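Both complexes shown next keep chain A, but they swap its partner, so chain B is in the first and chain C is in the second.
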Partner chain A sequence: MSDTTIRLDTITAADIAATRARLPAAFGAPLRSRALRWTVGLLALSYLLYLHWLFDFDRVFTNLPRVWVIVRLMVDWSQFAEWDHAELLRSMAETVAMAYLGTTLAALVAVPLGFLGARNVIPSRVFRFLTRRIFDGCRGLDQLIWALVFVRAVGLGPIAGVLAIFVADLGVLAKMFAEAIETTERKQLDGVQATGASRIAALRYAVLPQVLPVMISQTLYQIESNSREATILGLVGAGGIGLRLSERIQINAWDQVAYIIVLIMITVALIDSLSKALRIRLIRGA
Partner chain B sequence: MSTLHPTQDPSWRLFQERFGRLQRARRAETLLLVAIAALLLVIAAAYTDFSPAQVAAGLPRIGEYFGKLFSIEPARGAAPVPVLAWDHLFQGVKQPQSIAYWFYRIDVYLVLLWQTVQMAILASVMGFTAAFVLSFPATRTLVRSTLAVMAVRRLLEALRSIPQVVLAFILVWPFGVGPLAGILAIGIHSTGALGKLFSELNENADLRAVEGIRAVGGSWVAQIRYGMVPQVLPGFLSYALLRFEINVRSSTIIGFVGAGGIGQELRRVIGFNIYEEVSAICLLILVIVVVIDLLSERIRHRFIGSLGTKA
Partner chain C sequence: MLELDHLTRRFGDKVAVAHASLQIQDGEMVGIIGRSGAGKSTLLRLINRLIEPSEGRIIADGRDVTALAGAELRAWRARTAMIFQQFNLVSRLDVLTNVLTGRLNRMSGPRVLLKMFTQAERALAVRALDRLGLAEVALNRADALSGGQQQRVAIARALMQEPRILLADEPIASLDPLNAKIVMDALADINRRDGITVLTNLHTLDTARAYCRRIIGMSNGRIVFDGAPEDLTEPAVRAIYGEHGAEQIDERITSTSLAGANMPALAR
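Up next, the complex of A and B:
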């Protein structure tokens, strides 16, 4: 069959029928899968229509002119000299300070917690389950929710922001530290213990040196990501640049809003590159 | 002819000296770094008024607040009671300390949770679609003009570097208070984040299929449709599901600035100090986030599994 020349004028209906019987897929998908495809497509389409109706999506297009109004106001920086630069820069620094303080404190507390949550340190399954669930609880609620709660508990200001970052990060870092501790080499621990060292000394000299670079690098990464997150904590009153941003949005000072966003982007980019450089140095040194 | 004890060998002394020098240098460096970190900590604490005294003063108030979250507002003069008690756990809405009493507005919450998840879905669909379209012009192996690639990439970077909540707050002005502003904010951010990941997948894809389509005279769109998309689609969908998980989290908080969903209700009850409702909503948010994470993880594994075996 393969070495014969196929002549189109000699193909008969019987040939076609035979080929169709042999290779049904070459003649298009079978009816069943085609029907299935259509049903799924129609269901997806009607679901999207439902969402369109649920959120009144038409307004995206009818309100677009209002977006242009904001954008036009945002790019007009003719009042630049009159903005309160000192206040804005101070708030930006406050945001970075909040991120640094909250993350570092969380890291310091997370080290012992990480040891408590690691399987090779505390073998008790019940205990580990409980500590892990506590970490999950801290992590599961967003930083912004914690901020809102702490603003209510300790009042407006950066302290609420620091506490929110601290609690949310405690969950993240303790979990990561516990996992890092669980993946350490067992042999070094055995070696130190063979010299008759106490349990604490064994952890100090066998486990800590293995995980410390990992811990520091993870903390640096968290500082980096928290300085990004901390910029919005002020929107709920927890201090920092977000507070200034929220004031400017409320009085429709769109030019300054754009300026603050640019400030945030520059600061975040600076911290990113600084922390990346430090982390690379750390990995090389270790 | 006497043999020297190893410690009297001059090379031993030399070794000791060099080792000591290195050790001291290392120790000095560590100390310096710790000192810098500590100094920064002190400066940061001063900057944020975060003194031990302040925290000590705040701690009882934090404890008191969290206590209130899990207790029922007492009648005048009475002591507050915990929000749940074993004896009343499964009794009706009218009985304090039962689950039904704690979650007495569950119908409202469920509608809002539904809305929140739909917000995340629509935002993810928007982000996926826009990122899908934009990822191909942002792929260096598919576009000859470096300028065009750079332009699209900068656009994607700009979209993802504005914080979502800030974007939502801004969009509330043109689109009004409600979920639409939140959806757009999350969708725009997802476009930036997914577009970057998608274009990276595209660049790692095998170009032989694309060249094959080009060789038979396929247009640029046809090259992508038949040469590129079949290779990268599983990766795209997997990233999109991961993004959906993140978007569910975002949509629970985006309401804090008036952009719809359960967050708007949470902010209201926190503002009005309706303590039991705060803890009830927070628990529901925790549950929904965990459920969506587990579900999406399962779909992702099944999905990649089946596609992986086919390929």
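Up next, the complex of A and C:
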């Protein structure tokens, strides 16, 4: 019988050798896989260094003085009183409105689509495959690309932005809703269906209550993240504060660029904390 | 010796543990019984300092443990190992690494972050697993194991801490009778052979009677019984579980009979 005291100071070299002979894997990966890991690591590192050289990274440092000029221009707010505050604030509000409108519309349409894409609602694999591919189609293109498309189709301005957010988010939300619906409990559905309720009624009364808090909290999160991303949509002409930002960059009005960035950060922080508070309340209450 | 001196814990206006005073000698095996919500778990968590007491003191070998902070507090936790009803293993780590976490308190920064355990530590972990009959699953993921196996891994982790005291919070409440017996036997074996003090919450009276030479009964946060199993008479049981629980108690006494005067020690 071997020593069974569990004290580190009772472990001898002989114990280690014996354990090692019996259970070599307990002492780390075998030499070959360790060597492989090192090789892969070194290759990844050398590729990184190569890219550094390829992209001429030193430019960052040689051009640093120019960055300093811009930074100095950015912090000089002596012209503050002459900026077009009304226009900037209206554009900021426009960006938030775009995010809110686009996401809410997308969420409303995504609810029925989510049900159609859920395995436990639609057993037909072919039908589900089609709906899922539609979601992927919406998601596959970035909002920015959709914005470029809609700016061409409906012209410059916030409507193009709303449509871009709507289409891109429809794919995201419908997919997330469908997945949430698939993870609901079967038992509750059985309970309602056993009462003789129709399929639709059972979904409404047994499945929707389970996923509704998830849906609302995901939608809130999307609104929050879209009010950040809607800024970028403006850069390609889809309205809002981004449009103003790109104008100011083009005319080298760096002081106003800095001001717009501060505006965006404050707005996003406000929406962040508002939506977080709402989500916490929803998750607790539901 | 572990001494509790008027240990009290309030949650809002609810008193979970009320003026608990106790003396536990080194090497005792103590069972704590009581209805759910009686304060058993809170008491164990207070001793391990996972929960801060509202009032009172914990004294170990003459030293006030309630005053410890930082590294000294963590060292105290290492010496009072804890096992839980739901095992609380890290499910995505393998069994061996779970057991090795028992050494973290004694390891320094870089070794901890890089998972650099010494050969002696690894050999000790295998020995601990061996003792609980689990060496062959050392490299499996923790969540691939059955409940009984997971609890034994948790005990091996506790042993790696080289503890003076082992706190077990309902260690067998999630296990079937056979696994419950294996786990209780392991605790008894650790108590007898290693001289580690064992303090365990139990939800069945018969298990407490079978394994513990001293039983503490709690009701509404108070200690209402403290004595040998023989002294646990009908009125004493009533005081612990209350009048309304009477029928349930009968069931508790007779059910899941883990009882058996001479439990065979763990194999080997």
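As a working rule, the second predicted complex is superposed on the first by the 228 of 286 C-alpha atoms of A that agree within 3 Å, B and C clash if a C-alpha of one lies under 4 Å from a C-alpha of the other, contacts with A are read in each partner's own complex, and residues count from 1 in each chain.
Heads up, the rule we're going with is that a residue touches a chain if its C-beta (ideal position, glycine included) is under 8 Å from a C-beta of that chain, and two chains touch if they have at least 3 such contacts.
Everything numeric here is computed off the predicted structure, so don't read it as measured data.
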Would you check which partner chain A:L23 touches, where first means chain B only, second means chain C only, and both and neither mean what they say? second
For A:L245, using the defined touch cut-off, is the partner it touches chain B, chain C, both, or neither? Pick first, second, both or neither. first
So in the superposed three-chain picture, is A:I11 touching just chain B, just chain C, both, or none of them (first/second/both/neither)? second
Per residue count on chain A, the busier partner among chain B and chain C is B
Could you tell me if A:L148 is touching chain B, chain C, both of them or neither one (first, second, both, neither)? first
Considering only the defined contacts, which chain A positions touch chain B in the complex? 48, 51, 54-57, 59-60, 63-64, 66-67, 69-70, 93-94, 96-98, 100-101, 104, 136-137, 140-142, 144-145, 148-150, 152-154, 157-159, 161-163, 228-229, 231-232, 235-236, 239, 242, 245-246, 249, 252, 257, 261, 264-265, 268
Interfacial residue positions of chain C with respect to chain A in the complex: 96, 103, 119-128, 130-131, 135, 138-139, 159-160, 162, 193-194, 268
So in the complex, which bits of chain A are touching chain C? 1-8, 11, 15-16, 19-20, 22-23, 25-27
In their shared complex, at which residues does chain B touch chain A? 37, 40-41, 43-45, 47-50, 54-55, 58, 61-62, 64-66, 115, 118-119, 121-122, 125, 161-163, 165-166, 169-171, 173-176, 179-180, 183-184, 249, 252-253, 256-257, 266-267, 270, 273, 278, 282, 285-286, 289-290
